[in-house]
Amino acid sequence: MSNSLPDLLIEPIVRAALAEDLGRAGDITSAAVIPANATAEGTIVARAAGIVAGTACARLAFHVLDPAVTFAAGRADGDAVKRGDVIARVSGNARAILAAERVALNFLGHLSGIATLTRRYADAIAATGTKARITCTRKTTPGLRALEKAAVAAGGGSNHRFGLDDAVLIKDNHIAIAGGVTAALERALAATGHMRSIEVEIDSLSALEEALKAGAGIVLLDNFPVADISAAVRANAGRATLEASGGVTLETVAAIAKTGVDYISAGALTHSAPSLDVALDIETK
Amino acid sequence: MSNSLPDLLIEPIVRAALAEDLGRAGDITSAAVIPANATAEGTIVARAAGIVAGTACARLAFHVLDPAVTFAAGRADGDAVKRGDVIARVSGNARAILAAERVALNFLGHLSGIATLTRRYADAIAATGTKARITCTRKTTPGLRALEKAAVAAGGGSNHRFGLDDAVLIKDNHIAIAGGVTAALERALAATGHMRSIEVEIDSLSALEEALKAGAGIVLLDNFPVADISAAVRANAGRATLEASGGVTLETVAAIAKTGVDYISAGALTHSAPSLDVALDIETK
Amino acid sequence: MSNSLPDLLIEPIVRAALAEDLGRAGDITSAAVIPANATAEGTIVARAAGIVAGTACARLAFHVLDPAVTFAAGRADGDAVKRGDVIARVSGNARAILAAERVALNFLGHLSGIATLTRRYADAIAATGTKARITCTRKTTPGLRALEKAAVAAGGGSNHRFGLDDAVLIKDNHIAIAGGVTAALERALAATGHMRSIEVEIDSLSALEEALKAGAGIVLLDNFPVADISAAVRANAGRATLEASGGVTLETVAAIAKTGVDYISAGALTHSAPSLDVALDIETK
Amino acid sequence: MSNSLPDLLIEPIVRAALAEDLGRAGDITSAAVIPANATAEGTIVARAAGIVAGTACARLAFHVLDPAVTFAAGRADGDAVKRGDVIARVSGNARAILAAERVALNFLGHLSGIATLTRRYADAIAATGTKARITCTRKTTPGLRALEKAAVAAGGGSNHRFGLDDAVLIKDNHIAIAGGVTAALERALAATGHMRSIEVEIDSLSALEEALKAGAGIVLLDNFPVADISAAVRANAGRATLEASGGVTLETVAAIAKTGVDYISAGALTHSAPSLDVALDIETK
Amino acid sequence: MSNSLPDLLIEPIVRAALAEDLGRAGDITSAAVIPANATAEGTIVARAAGIVAGTACARLAFHVLDPAVTFAAGRADGDAVKRGDVIARVSGNARAILAAERVALNFLGHLSGIATLTRRYADAIAATGTKARITCTRKTTPGLRALEKAAVAAGGGSNHRFGLDDAVLIKDNHIAIAGGVTAALERALAATGHMRSIEVEIDSLSALEEALKAGAGIVLLDNFPVADISAAVRANAGRATLEASGGVTLETVAAIAKTGVDYISAGALTHSAPSLDVALDIETK
Amino acid sequence: MSNSLPDLLIEPIVRAALAEDLGRAGDITSAAVIPANATAEGTIVARAAGIVAGTACARLAFHVLDPAVTFAAGRADGDAVKRGDVIARVSGNARAILAAERVALNFLGHLSGIATLTRRYADAIAATGTKARITCTRKTTPGLRALEKAAVAAGGGSNHRFGLDDAVLIKDNHIAIAGGVTAALERALAATGHMRSIEVEIDSLSALEEALKAGAGIVLLDNFPVADISAAVRANAGRATLEASGGVTLETVAAIAKTGVDYISAGALTHSAPSLDVALDIETK
């Protein structure tokens, strides 16, 4: 995982998640039932095989609620776990651990689910022996984009742009309004400095040559049949970076990779990955 | 859907999602390629059958970015759609519509995915002719709990507690530390006023009678075999409200409902529902 | 006191109060007059008898401004103090202590005032030998609800609902629009899951039976004469939980308690409690 | 009232108060019982005599929740009302009006309570025929200082400093650490530009002359017996502005005013004013 | 100007600036002196020649404070003005206009100052007839980066990366730790997806060939003498995009442009541009 | 420097600046190129002579990003440095130091630039042997007012009011609407308590006597020729504090000071001070 995310960026999201769960009155069950000074130890355990992501979120969930709770990670983001493996150990005040438990697990389960699904795509591509990379999209859960992008990276995927502002992606609607691929690319090249990538989406093989001639450095082949992707790779002959997208599944990704395309993007990595089952087993003292 | 969520509570979440996507520089593609005064019309269309949820989020995504964009809902939260149905129409400034598109669809796809999965559970139960209700848990996506709970309601599900503070749920760890079901319930009843519900989780049939005698109004049967749920329903004889949880799937939910249990809770409703495929078809002018 | 409020929920309120007092330029008096490295010790002292609440706020006021200031609590929330008793000792940088002093005292005085008044009501009820509980309302100071509810608990009171979302309370206007007690309760029971309490307010004895038949678990007797509360308790015969409200004072609360009603609610606990006089006596070094 | 507070400063406080009351799920009672399109009209009525303050907060409570609700003020801040007088009329969506009601009344009751108590002090002083002004302190409710200061102004009081940063107030601890009144004032005068007032607190008549000689423009006579205040007024002979403070009550304020002192400050105005009883009478349609 | 910045991104900054100026009590001068219903008209006028930027900030300063104030822009961002030219006209409530005036002018003066200085650099380059572009850096005023980048664009400059996250820039320290240009570039290319640009900084001509061979698409020539820049341009022969930086001034920029370099970056554009003198001339009614 | 600004007020500004620079993905260059556990030491060095300000911001930039980074200040705010002097040393994790570097330097360069320019004005006045003080205005950079005011103080300047709310300044427009200096001052004096200063701006010598008679304690001589300032000083004869403003430059400030005026205000101190050149020299380990 490209772990460039400092706690500074993660902590506000974790803090908001804790506040969302604690509401106005906090954990009223523990306050009523658990003595204030009771301590506990626990292990965060994988209940299914997968790839871990979100350990920083889990750590911060406990630390933000109670800095005295210790969190010892047994696995790092990107590590594979099998059912029963210990991801981390926590120790400290029992009320604090119980109050942070659900938030920690919600982050860990959600992000590990994304990493796990990404790894399956990455493994399917790796089996082809090609250099294609699976990459995510902007179809992420509102508020969690940076974390989900990091989870994709933990799973072995590559990251597409992070938002509307950090790269240019000219789509069909832009082309239609601009009056064609050439016109749209000309405007984009004129407006964009040297530090921003420009990609243009085409929906048929016939548009490839125009895109290349107009100076496209990256071309997105949207909903191309596999045969057309192959044809585009041949026609491109290494001039531009090529990306395939549209309805990519675990069943089709290998065939797409074999065309020689550079990147394969799939929204499902972030919008439809099932949660990885993780739990906190507590031993009270 | 119990649409009690005012815009006041939704708008900050939508605003944060837009800011997350717009980053520091906004939609640089549209700014470069689309004339500032171009207008567009579009329809938000379902690309698969399902149940709609999140229309308020989609509406606000466009309105917050540009109050002059019109948003006409064709379907309300809780409505069923089939592939190709129009969920809403938008009209206005082309740059604004394109900039808000992805955020609007991300909310709509995610929340409709939850409503759709919930409806499948609800339908499976309804087919049994019992009065059991499917209900969600606190296993929600960080930051989106209220929206996801509303999506569950839109799908025909019932809502469990919204956080640690609005109801008491005594789990195995609480019982272990307190020294038994009776002791834990006594403390909870003493500490809790008349406006809060108290539920106790038990993990075997043998604990039911103690829970009922200790005054439990709601009992959670955790990971009970179906036969044991049936036995619990008979032993309870209407004294407490009974809820079954643990590994509930679309395949098992009907059998559980037939036991006569009152509520069936499933974390998968909110943590593993695949997104409903929705898209914005734009006609530029 | 049911001290379920973690620092996570209190600290933002304390931080905002400090920022409100420090303004743009901070404590310009101390910066001008007190050497930067001067230290001081002080005691927070009660200047009148009462019940303490808000010690966590006071502690955080000093710690948020300067983590190196030590705060040693001599009394906990819920403890009784008499004039002259030391509630806490602080020690550290003189500028920091002087800058946090007023905010710490404002929280402590306000919340202890609420706890003190609540205790007077609780004691008046306790003297009757009945099991009635004094309880607060939603008539709280904007922004301080959770803290004021905790102060009521510290004073020995019970907490009513914390907001519009955590319990159902059907009032006269709801009944009027719904077309009667039965219709309103039917709608509420159908819309509300098993984790939320439902209370219905009635304004005359004649409505009690309808409320009970419609399934009300909690009935609020609003502005009932004491004789009518007694009659309601008899007619109820233990079926529902009964709460009396409306113009309750320290003079009338005992008589109401003697009727056998379960809860007695009074807005005055939170909206009209005079501040408890507390001060910081500083010994400079 | 010096109504310099723009909505920009009030709205975030009102918005936070609404969010505090709406919690995660909003007004679940109205959502269950009141049809979504029901409308209502209501009048905000004084249930006791007093002085109105906080009308902008009440207006914003309704407008922020639903901009379509109309709010017609019948009284302005600073106006006197008697029991039964209409303060404002509201009209619009019934759910919105019911959801905002409590927040609007909490602001109005709290702030009008402060204005009402201030007016009583101001009237007591006015009856003496002197030019003394009653003034508030920094003993305000955390988060509400600006609103409470405006309520004091609405009641006819004068405002002391708003925080630690907008004026210098040298108290006993500052003097002790600095090594005397003269030393403290010298430091303050050297550090403070021409746009900030400087006040020094003295606790005995004997310190007055030193304060005046050291250049004090404003002198706070803390806990002076009335006779000593009179003596101070005579000794001052118009050189500095004089303020009296310490245990001022409605019983003692007139005697203090008669000494000829310029300002009389009382923390009770803001920390111990009982709420003014206000209610919303709703007529549903 | 590449005006991709929606109001959604600007408004929070303007709102914070207004709150900073209004403090706790608002505009106490106008509240005391100006009748509440007085109206005024005014023109925002340039007091010196320059390039306009920040009109959206100025418009929002008035609108956020009072939506009823009209703001009619006479000049758009990027327009040249000479002394006396009217940039915008405002009309509405006198107190609102006076309260927003300073904030509106502070934005306009600061951002127009940046646009004006940028235009001078751009004009100096344009006079050389080369295609070089002046570009800004991350040496911006904390909190105002997006606005300052837009002001640079309004002045005719190009934008470099907006932050640490949207492009890779390998500097001397990175190279030193990584163990050389080649090693650093290899790591960066492996970690970075197809949507991010990668630039490497070199401090001597001798490092150019290694950078190009290691795959650098953009090379930053840091503090190169002009002769070395020329040599680098010749050696590069169009392979990479070349950027020159380090002590660029209005006196030296033309000579640098004549070398044939593609981009010339200067921190002074944003960190040392003097404010453009703008004023609001008010005609009261 | 009157260093009354606690970290509580500075940290949110620093945190926002870091978040602005880190964006969504953090420092992707360092994450790719620098090993996670690499450490580094560095010195923050002045590249030009000047006066230091903003050291607390620089310290917090490193500490907020990584509390384990040590920051040892070699110079305090207000200290003079010459080219090559070390302002501070930092040591710790290399990624953290590189990620915080630009933000720390942006604050330090901007604020030291203001302090440096202020000192030049203060020195020019000091050379006259008069007691005049240079003072800043509200022409500050949005969001940074308190920091810029502190930088002015570090440079030896005096601070004017911090906002619209902490002092009254009656300008030409107020006077025009109020109907004259006397009327405006009367209203201001009646509305303002004893803790707020009142200043009135006049634009010609003829208005001075009216202002003094109406009770002005501070008079702002706006755009007066030097001869008229001298005349005003004579006419005033010590009655009011006099401030001169309007087009003050380093060339004219001494002559203005020699008139005997008390304060000389200049917007340029904060809106047009060029940044002081500071850099971080890193030695990696």
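Which chain is which? They are A, B, C, D, E and F, in the order written, and residues in each are numbered from 1.
The definition used in the following text is that a residue touches a chain if its C-beta (ideal position, glycine included) is under 8 Å from a C-beta of that chain, and two chains touch if they have at least 3 such contacts.
This structure is a prediction, so every number in the text was calculated from the model and none was measured.
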| item | value |
| --- | --- |
| For subunit A and subunit E, chains touching each | B, C, D, F |
| Farthest-lying chain, centroid of Cα atoms versus that of subunit E | C |
| Chain whose mean Cα position lies farthest from subunit A | D |
| Between subunit B and subunit C, centroid-to-centroid distance (C-alpha), Å | 32 |
| Separation of subunit C from subunit F, taking each centre as the mean of its C-alpha atoms, in whole Å | 44 |
| Centroid distance [mean C-alpha coordinates] between subunit F and subunit B, Å | 52 |
| Touching two or more other chains - residues of subunit B | 2, 4, 20, 22-28, 30-32, 99, 145, 159, 162-163, 165-166, 191, 196 |
| Touch-based graph of the chains, sorted into line, ring, star, complete or other | complete |
| Residue numbers on subunit E that touch subunit A, as the complex places them | 2, 4, 133, 135, 158-162, 165-167, 191, 193-197, 199, 218, 241, 243, 262-263 |
| Residue numbers on subunit F that touch subunit B, as the complex places them | 20, 23-24 |
| For the subunit E and subunit B complex, residues of the former touching the latter | 2-6, 8-9, 145-146, 149, 159, 162-163, 166 |
| Residue ranges of subunit D in contact with subunit B within the complex | 15, 18-19, 22-28, 30-32, 36, 64-66, 96, 99 |
| Contacting residues of subunit E [partner subunit F, same complex] | 13-14, 16-17, 20-35, 38, 40, 94, 98-99, 102-103, 105-107, 109-110, 113, 138-145, 162-166, 168-171, 173-174, 176-178, 184, 187-188, 190-192, 196, 267-268, 271-272, 274-275, 282, 284 |
